[in-house]
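Pasting the structures here.
Both complexes shown next keep chain A, but they swap its partner, so chain B is in the first and chain C is in the second.
And then the complex of A and B:
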């Protein structure tokens, strides 16, 4: 057991897959996530299991889809009989520690993990400005002082860039001038509107109810407050989101720089992921919830700061679909622990280790990389990824298409909230290759 | 009641009646705290020793306080500085956020130049009152000698673990976010400042920061009127923060995304 690696799982909240400068986005500066990219393998087709905090996190700790573990929405109740990652690791000789945002409903974190820090009143959905720097302090202190003989699994839940939600709430009941009117930015300082800013008005009902209809949107006051936004205000939303991404990247930098000089550098595997994405103006939408690509497509990197663990460096895996349910089997595989029956995910370890020698680790030419991996990959793998959205919809993302199945209520007024007397009626499968990614920000495609 | 400037007005309503009641107190609380402090004598701009204290008001209620706690205040900060005979300012910051549970003490020195560049070494002490095994942290920071025109900023824990906070070019100015309280009064003539590097809380290096002037704001409290000069500070990893200065050059209000800092006391 002592030879098994330590595992550091750093996660951010509400970060779309391409809000990373290493993936070619010129509007955000993330040197420390870029450092992870250079020191590891980026799974470029990584998806959350559900584009909301609690469900996505419930899948992280159970390896199950949200419809299975009881947390299909914020406020769900996780089934008592499902073991979580902390319990499994602890009972198999690991020191499992949690720090920062937990937000897995109805599963007391302290019964599963050692609590390093979770705020004065356990961190809820938001508060990056308050909590992230304290979480980082706690991690620095931990890496400085940990002296147990058993390996650790440390998961660090950083809240930002989730504070972009408060930026939006700020518009609910007051008029805020745009950045040019404020005199703080010029138009050319703002990122351009995403190429998919104009949404398809024939979009499926699910997207309409979440993003357009004040009667059904979970954030109707925001929707009402930004209805008359100018294009520059939408661009400023994206600009602000990137600043919050940079803020959390700076916290990640402190953690990595601590690990770099700690005695754990040579035996620590780092996993980085986001729970879900942020629309940031794509499809003229904000936040997450729906099955649009920007909500469900997230970064996922496995890296090390050493050469002792078998992790390829600087590789962009554009071939394999990865899901939030893969975290549990991946962590357990690296920890040398048998994966419990029923877990849905797949271990990424074979993909990571399969060919550090096969892959030209120095190249960033994705096309070349894809050709190599396609020819040499013999590891059985899924050719789609499955995503749920509350009770409302399901998506199957394949290489060419995204198939979306939505549930439609018999009567609209029964639709919300779904846990108060809802009745769901399955109407049919809506097939739609629903959107294009953010054009020039799409990496290596 | 006269409205506050949009950049510091968080007396919004909410769907939750309880939250609405509390947040509607925001403006009342804001005006009471600021009105009381502004009614005291301002500090001489050239004083060699000065202290400003601020109350932290949460911009958003949900999630940051217990549902039974109706007190808006979520902490305070004290900014104490003293200029010595060699024109070096010694800063002592005491910051407490009751939502995060962390108390932060910072000690550092700045040159008296307008951009208040950090000099010498600095100390960071934290103490956590929230649940969890993390109790406290002690860090000492310092500049390293420049190598190839670059200076690195390093911190060392009490156990000797070295953490690199980042590096900047030798000719770049690096200041601390808490020194901005003294930088802005020198920019009151609508001057902006570009490409400033800020060592946020003495540990997070934020490069390419900007200070931009805003329109003036007349703050009305009863029969009293105060004309404030505004600035916006932002940069890489730093979403906009809004600062409002009195005619005497003291920061009366500063607002980040989640917190509004309201002047509640001053002394020299």
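And then the complex of A and C:
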């Protein structure tokens, strides 16, 4: 067990997949996430299991979809008999540690993990500006002081860029002049409107309702406040989101610098991901909840700061669909622990090691490399990814299409998802990737 | 991004995707929500949404 790697899982909250400068986004500067990209493999087709905090995080710690683990929305209650990642790791000789945002209600984090933050209540959904600094300090202290011989799994839940929600809450029921109108920023400082700012009128019904109808929006007061926004105000929303991303990137930098100078540098695997994305004006929507790309498509990087673990450097994997349920099997695979039956995800370790072998072979012998990349080297993998959106619909994302199926009422009494025991009524919609939002489709390295 | 719903050229795609989704969901071990807050929440929000379906679903 002592030879197994330490695993550091750094996660951010509400970061869209392309809010990373290494992927070609010129409107955000993330030197430390870029450092992870340069030192690892980025899975460019990574999706959350559900574009809301608690469900996405419940999948991270169970390897199950949200309709299986009992947490399909914030406030859902995980079934008691489902083991979580902390429990599995602890019972198999790892020191499982948590720091920062948890947000899986009714699953006592302190019973599953050792908690680095000493407050009595878990860190919740806001306050990234100060909680992230506290978490970072705690992680730095841990890396400086940990002197046990057993390996650790440390998950660090950073809150930002979730503070973009607080920015929006500031607009509830009132009109705040934009920074351009106030003379604080010049128009050219703002990111452009997303290409898909104007939504398709044939978009699925519930998305239309939830984002533009105050009677049904979860955040109706925000909707009221931003209904008459100018284009510059929408652009400023995106500008703000990127500043919160940069704020959390600085915290990641402090953690990476400490790891780099610690005795754990050579035996620590780093996983970086976000729980879900942020709409930032795409389809004139804000926050998450929807099944649009900006809401469900997230960054996912596996990296090391050393050459001892078998992880390729600077690779962009644009081939394989990755899901939030893959975290549990991947962590357990690296930890040398058998994955419990029933877990839905797949371990990324074979993909990562194959990429590494491919690159190594290519460097040494081009002819051999060509042979190795033939069909015999193919690892069986999913050809689409499945995403649930609270209780109003779900989707599959394939290579060319996104298919969304809503839960739709036939009669009042059966407007419920099937797993609540009520009858399902559905509508199908396919969305084609004819137009990507801002960002390079094939990001530069 | 363009919605293809209702475009007859894509009927086969819709059918294929629908089949994929249903086949996948059969493998899930879905469980009823726990009693209490989760069920109360879902009923409340469902009610709000239902009231608006009549407005939009034409």
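Structure notes:
Convention: the second predicted complex is superposed on the first by the 387 of 445 C-alpha atoms of A that agree within 3 Å, B and C clash if a C-alpha of one lies under 4 Å from a C-alpha of the other, contacts with A are read in each partner's own complex, and residues count from 1 in each chain.
In the analysis below, contacts are C-beta pairs under 8 Å (C-beta built on N, C-alpha and C of every residue); 3 or more make two chains touch, one makes a residue touch a chain.
Values in this document were obtained by computation on a predicted structure and should not be read as measured data.
Using the contact criterion defined above for the overlaid structures, shared-chain residue A:251 touches chain B, although it does not reach chain C. By the touch criterion defined above, A:125 reaches chain B but does not reach chain C. By the document's definition of touching, of the two partners only chain B reaches A:184; chain C does not. Using the contact criterion defined above for the overlaid structures, shared-chain residue A:145 touches chain B, although it does not reach chain C. Look at A:221: by the touch rule set out above, it reaches chain B but stays clear of chain C.
Looking at the shared chain after the overlay, A:243 reaches chain B, while chain C stays out of its contact range. Of the two partner chains, chain C is the only one touched by A:394; chain B is not.
Chain A meets chain B in the complex at residues 29, 99, 114-121, 123-127, 129-131, 133-134, 137-138, 140-145, 163, 166-167, 169-170, 172-177, 182-184, 221, 240, 243-244, 246-247, 249-251, 253-254, 257-258, 260-262. Chain B makes touch with chain A in their complex at residues 6, 9-10, 12-13, 15, 59-60, 62-66, 97-102, 126, 128-137, 139, 157, 159, 161-166, 201, 203-206, 210, 212-215, 232, 234, 236-240, 256-259. Residues 64-65, 67-68, 70, 72-73, 75-77, 79, 196, 200, 202-206, 208-209, 213, 215-216, 218, 292-293, 342, 344, 384, 386, 391-392, 394, 396, 398, 401-403, 405, 408-409, 412, 415-416, 418-421, 428-435, 437 of chain A touch chain C in their complex. Interface residues of chain C facing chain A in the complex, by the touch rule stated above, are 1-6, 10, 13-14, 17-18, 20-21, 24-25, 28-34, 36-39, 41-42, 45-46, 48-53, 55-57.
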